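What follows is a pair of complexes built around chain A, which joins chain B in one and chain C in the other.
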Partner chain A sequence: MTTVHVGLPAAVDGGVGASPQRPDGRLKVTGEFAFSSDLWADDMLWGATLRSPHPRARITALDIGPALRVPGVYAVLTHEDVPGAPLYGLEHVDQPVLAAREIRYQGEPIVIVAADHPETARRAARLVEVAYDVLDPVTELAAALDPAGPQVHADRPNLLRHVPIRRGDPHATAAVVVTGEYEVGMQDQAFLGPESGLAVPAEDGGIDLYIATQWLHVDQRQVAACLGLPPEKVRLTLSGVGGAFGAREDLSMQVHACMLALHTGRPVKMVYGREESFFGHVHRHPARLRYEHGADADGRLVYVKARILLDGGAYASSTGAVVANAATLGVGPYDVPNVVMDAYGLYTNNPPCGAMRGFGAVQACFAYESQMDKLAAALGLDPVEVRVRNALTTGDLMPTGQVVEGPAPVAELLRLVRERPPAPAVGDFLPGGTANTTRGEGVVRGVGFGIGIKNVCFSEGFDDFATARVRLELVGGRPAVLVHTAAAEVGQGLVTVQAQIVRTELGVEQVTIAPADTAVGSAGSSSASRQTYMTGGAVRAACQAIRTRLLERLGRAPSTTDNDKKVPFLALEEIAELLGEGAIEETVEWRHRPTHPLDPATGQGDAHVQYAFAAHRATVDVDLELGLVKVVEIVTAQDVGKAVNPGAVAGQIQGGTAQGLGLALMEEIQVVDGKVRNPSFTDYLLPTIMDMPPMSLDVLELADPHSPYGLRGVGEPPTISSTPAVVAAIRAATGAALTRVPVRPEHIVGV
Partner chain B sequence: MDFLNPATWADALKMKAERPDAVPIAGGTDVMVELNFHRRRPPALLDLTRIGELSTWDLDGDTLRLGAGVSYARIMAELGEQLPGLAMAARTVGSPQIRNRGTVGGNLGSASPAGDAHPPLLAAGARVELASVRGTRLVPVDEFFTGPKRSVLAPDELIAAVLVRPAAGPEQFSKIGTRNAMVIAVSSFALALHPDRRAVGTGIGSAAPTPRRAAEAELFAAGQLPWDTLGALDPDVVRRFGELVAAAAAPIDDVRGTAAYRRHALAVMARRTLTWAWRDLCG
Partner chain C sequence: MRVTCTVNGVDRTADDVWEGESLLYVLRERLGLPGSKNACEQGECGSCTVYLDGTAVCACLVAAGQAAGRDVRTVEGLAPEGGLDPVQRAFLQAGAVQCGFCTPGLIVSVHDLLAHNPQPTDPEIREALAGNLCRCTGYEKIMDAVRLAAADGAGAA
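And then the complex of A and B:
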């Protein structure tokens, strides 16, 4: 063998850095795309769920007889019918598949029904007679934190996780001190495609489940355990996902549909309605945050002390990781020598909370950015200036002691959003929109800033990997590639990105992405802004392995400068010739650099893989008398390392910003005494096109030396800092304190 | 569930008499939500969309007869001159899809305290034409509502039309929502100046068990406005008008807003709309 220099293939259209059309784009905008709620099997039954109306109760009697007697009903199952483990969970196995005795949240499933018509199933479920001993719910965080108070779970304390972080001198003092207490309401992911799936019993006694989810393998593990089946008999295939944002990390109807299918021997479809969906998935943790910032006379931070309480609701879900994020990212993208941070996650009888875009970083960012504005005011400094003076940069230490490696352009992002030209003097329309509430009376302009930090990929020593199988073969005499992974396309554009990576790595334009399923190894979750990094990294590694195999066939050893762009790789014709010997397939399990656990006492440790940053400037018009807000413009700057697909990057930044705007102004699940008061899109308000302003984007591409193509996860950062920027702008216009999001008109007006 | 599909108004009235439990459906933008949320499972639906005359309007002397089935989109497009307050309210209803389907008859049928058509109809002094095989009766709109989602509509009756005098003066409608479009009113207010009668009409939405007028505010303003001179408004009169409108409300705290905010917002809307309308009247 001779060693030769071969680099990347010559560029083909639609590679990394281009914005080719999504393969599913046209179908989605024309309404033809098949979502999981469109699944169909000819002889299928429909499942329905009976849920508890009470947030805390004890079931004293259960009679399924009336439901069983309904014509058309094929099965009525309770906790006694769960074939395997009675409980499941992402981090802690604490959540019953079906409630046996204890009810811990409103909406907890108790009975499932299969019938030949969805309406029949629902009506039968309502006929089940349940007698409850209704108990007082634990709903206040302070009460939940009290060790002497009532416990949500008899066998475990309410304190799910406490993450303390200690850096420097805990008794440091400072010339200027500002304190604040903040509150974040319960946001919902509010995906448009409700929980749905189809379970089909298989001849081998196993089950095939077609499902909209974020992580097929973590579903498979939990479903198999609850069904008492080996994982290989529980086969999952991803079906069309109508949005996720974290809400599909936990199981919803997966085990239920499989139980009904195995019991009846018929395929069973379950689709939640909009109202049930609000009870069928976890939400963003509501939080109470108390902060004290100390700075010297120049505005340099001396210390931050913080206590963050996160309401985990009835079951753990991913609360532990959310708490760790809130703690480790809780002082923001600032260099702070002394930190005393305590973040707590608690069980309550409120709706269970778990993953949602931003994952613990959102709640903290609202508080620390509000504090930075307060500090600027106390010092008489410009809010951007105070941030710039404290901006984190490469080589600085996080409160965890972790060194910030790679680009950390915090100051640059802030300057970029500050230096954008001001918003137009007159917006598209005034606060109140078309509702004719003002002709300019009481309307005041305000501008606010926010910047945030987010970890990318899974942290704290988690064995985070993604698997990709890539097959290069001749199709009609031309090289073509098939990519097979279990990675969930949840709307973010992963299907597009996988093909782009293949085109760049192999120079082959024709790429097909096989349906994601559990026939290939785990890809990990489509969350934590990680999938382009991880599955993208795995696809790239598999392509590189294929390149090596091609060179071997050619009788050449791969060179060390394999990625040298100047030396072209094989031409398409050469590849075609080499494939005459047969297809080449490579499966790669790819990992990011390992992370490490946090010290349980000091919170020290290299817990995160990569940090990502975004900054926002929001300009708002506020009607001071009515408390109505129109966001006039948002400008943002984000470092994405490498924009693998610039169109998709812009989409993520715009969508994430909108979700943060929603939290600032309107999105809240209102919970009173453990009960959800607004489980509908009539009263859970999402921003409309009239609420989202025009945006301008600055996308930086400062490569991270450790990630594929230098990319940085993009999905979450825009959600994090848009909330505090919008609120800061409202404060600037009104002078109101606004310590809670969503901001309501009555908070602005003060009545 | 039976689906009754009359082709004529006479058939519709006959069917409603025979099946008083049948739920009329016009645009379906309330009915279908109730069905989809499993809040209601009526034994029968009575489809009114095939009855052409229901979705027409015409002017008879000084009375405009607005068929119950005329959509918000058409009110915006066709009646901005004659019924400016209602047209403004129509513009704030839902989204374009909802405005294409939703009707004033349906709004009245639902009788929600938050129905956006109600305040301008109250301010304009409209009457509702109710029909059954027994005959037809006219009910002043401020006597139509009897409670939250309740009205004087009898089980065998249908809403045929709304009778209203085209505006003789400026009308305004203003609505508070916590987002800038597609929102159910937190509270709303409609104002009509009737310079011909030197009268003022008002309508309050989403701030009492039913849509209602602010009668005292109407009388106060009618007496205080400088009709003769068409001169500038006295700020004290404007302020007092706002107070009286707020006082006429009986709001509650709910997911959409607090009672205190609703009252406060009504006063602001009353002041502003009076100011705008007076300015429009004076040219």
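And then the complex of A and C:
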């Protein structure tokens, strides 16, 4: 990895800017790390779920008797047993804990069972007799949009949210016009660690839930409401999280396991199998996008008109925020004076969709980057050149009227990926890989580019904060720090980063990260690329408060007072002496600068906190006869503001790029008439190590003036632009139009 | 039924095993060895990879009864208590671990690869690990870890 701009030096080893090993790494390589599916309690029972086989139906009769009679079964619960609120949801409370009457998607939970063996629980669940009145599902976006058509929810229209954006002249005309219609399939987060957790009934009538999630407090709020318990009686502790990528933002088995545990008085463990996991969490919204780009003869954009339809599926989840992202980021990292944008999120009877890495920006990027290539072709310009001519830069206006503050190195990122040496003439594998479907005959090569934009942190006026409790004390006579937050480590390395920040701020090397739980205030979600920014910011602020307390005890100015130079502000011996008066603990609730709602008619408003950018160049070999693709190489450039942990930054960029490649070439939940056809890793294809090419990175560190250390959220941008780059490379190789992802062999060979 | 086998060098017995249970389930839920992971339980991800009589297999595809009387070695048994196998060390050093759910299976697969081929080429590494899914890393740092382990002579041990 090349680091172009070097940041501040760290005060002690393992501070900000270093790449210390993960504190949980040793346990993870030895197999001792406790994931949520590894938990165990004396006397525990296993939970299982009965789900609807139909995407739309009405339950006419339900008989749990046959399940109750199975030896080893301890509880069989239905919607009638939900102790509190019958519905839950992230933004809209619209999803039943257990279906009462209406079934709105295939896989909707109806009955939960607890038994002494997981297979007993599953078999008993299958014995529950449910009679359905099967109805025609609403599965097409056009039908869902039709106000005269059937409603998915009787009490609300199918249109979940419409975000219009109007900037400049809606009737602007241009010398060169390109139009296109694009489609994005339903992608799955496909984390490897399945939904799972352990609920343990407590003596106070409450519950302790050990769970893999992205946001403990938003789970706590929803679980408590559904259990009819005060939040303080619903205590959540994060257990090992086997990846998240957005799929753990919504509840899955949380309420179910707690209900079974409270009902039986015994600990209950639930672990979804892979098939159930496909029904147990939301997916990336499938989308249909129609774009019209107008440019002058030099290739400068005059206007963009777009309509984006996002299939929200049966329940709202975070669809509203996804729609806003697609709309506000929908012209890409380009300066466009005139914009007419309409993005819509719709209820259908398809699987519910919500958060996945990239969150609305992914779908739009595939379309607008495809359009930029079309524009380049229409003008006879190089695809990078047309992008550079329109590149957003500091001080430009977004379509929302928001000024882009801080660095926006769009042109520089594009030039970095273009100027990398070309991929090797011969890749390690040909299309088809070890199947040896070709020896090189009929194989053509192409190169494509993509660049994307993503907002970081929560937007539109949301009160977004993170809490950190930091304690500085003497342990064995030496200063040591304990950090306690509720922030979810999901694999990204937040535990490492928290300790790094403490080392830099306090000059204390020995840092312990306490298990994340709800005994401390909310950290917000590990999503929207926000957690290093937010929980990192909170930890830093708590450390700074501790510094102030230490200086008060010292009673004089420290040897070095420059807060921006991360040299130890006090020697360890001095700190140790001051701590003789007792430990110092500070809890800080930290907020990013406020954002504002979008005007509902014009979409104008300073809705976002920060913008982040990444660019990709993909090189592919394509077998023209079979339509098989091998990505030979991917190069990436991303501005991260400050690489707090360069190793982890590289890991995020590489992993995010892989998920974008997956969307380009293979990853799709195939839904036919509302039913999922491929809920397994046999049929839902994830990129393997054979599918992934070598990747090289350029990381820019152009400090953001508002964020801690100048950092920029890292996790999502690399997922966004790798998809269009790969598709552009296939187009360059084959000349095929390719308006849909994932690209299938038949799209290439045209059969 | 009762299943007895050697696990990480120790004779172990599991009682009341239902004949539909996999070796993976018995290891994880009956013998207290949850290191082998359960990402798919369909033989598609490699997260459950263990040695069975010295051959790397997906424990989710082995019926518990098939393991009776045989020798099983899991990620927990690769290094002596408190130590790390060179492959484990290389994964740590290379930063090849994010969420870590794929890690135990990958480590056993890499251990097996290097035992048979101590100096694999990059294409050989990719071929050998094609059955191990990782959703977090994009595999770059896993490649680095394997190269590092090979350079450290992991396979020669």
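Keep in mind that, in the parts below, the second predicted complex is superposed on the first by the 728 of 751 C-alpha atoms of A that agree within 3 Å, B and C clash if a C-alpha of one lies under 4 Å from a C-alpha of the other, contacts with A are read in each partner's own complex, and residues count from 1 in each chain.
To be clear about the criterion, a contact is a pair of C-beta atoms (placed from the backbone, for glycine too) under 8 Å apart; a residue touches a chain by one contact, two chains touch by 3 or more.
Since the model is a prediction, treat every value here as computed from it, not as a measurement.
Contact with chain B, but none with chain C, is seen for A:R122 once the two complexes are overlaid on the shared chain. Counted by residues of chain A touched, the larger count belongs to C, out of chain B and chain C. Within the superposed three-chain model, A:R439 lies in touch with chain B and out of touch with chain C [touch as defined at top]. Once the two complexes are laid over each other on the shared chain, residue contacts for A:M666 go to chain B alone; chain C is not touched. Contact with chain B, but none with chain C, is seen for A:P745 once the two complexes are overlaid on the shared chain.
Legend: residue contacts after superposition of the two complexes on their common chain; A:P431 is shown touching chain B, with no touch to chain C. On chain A, the surface patch touched by chain B in one complex and by chain C in the other comprises residues 273-274, 429, 434, 680, 682, 687-690. Residues of chain A that touch chain B in their complex: 122, 273-275, 429, 431-439, 441-442, 625-628, 630, 665-666, 670, 677-678, 680, 682-683, 685, 687-691, 744-746, 749, 751.
Interface of chain A with chain C (complex): residues 19, 21-22, 24-26, 28-35, 37-38, 40, 117, 119, 189-194, 240-245, 271, 273-274, 428-429, 434, 490-493, 647-648, 650-651, 654-659, 680-682, 686-690, 692, 694-695. Every residue of chain B that touches chain A in the complex is listed here, in rising order: 33, 36-38, 88, 91-92, 95, 172-184, 186, 255-258, 260-261, 264-265, 268-269, 272, 276. Chain C contributes residues 18, 20-21, 28-29, 32-42, 44-45, 47, 74-76, 79, 84, 88-89, 91-93, 95, 97-104, 107, 122-123, 125-127, 129-143 to its touches with chain A in the complex.
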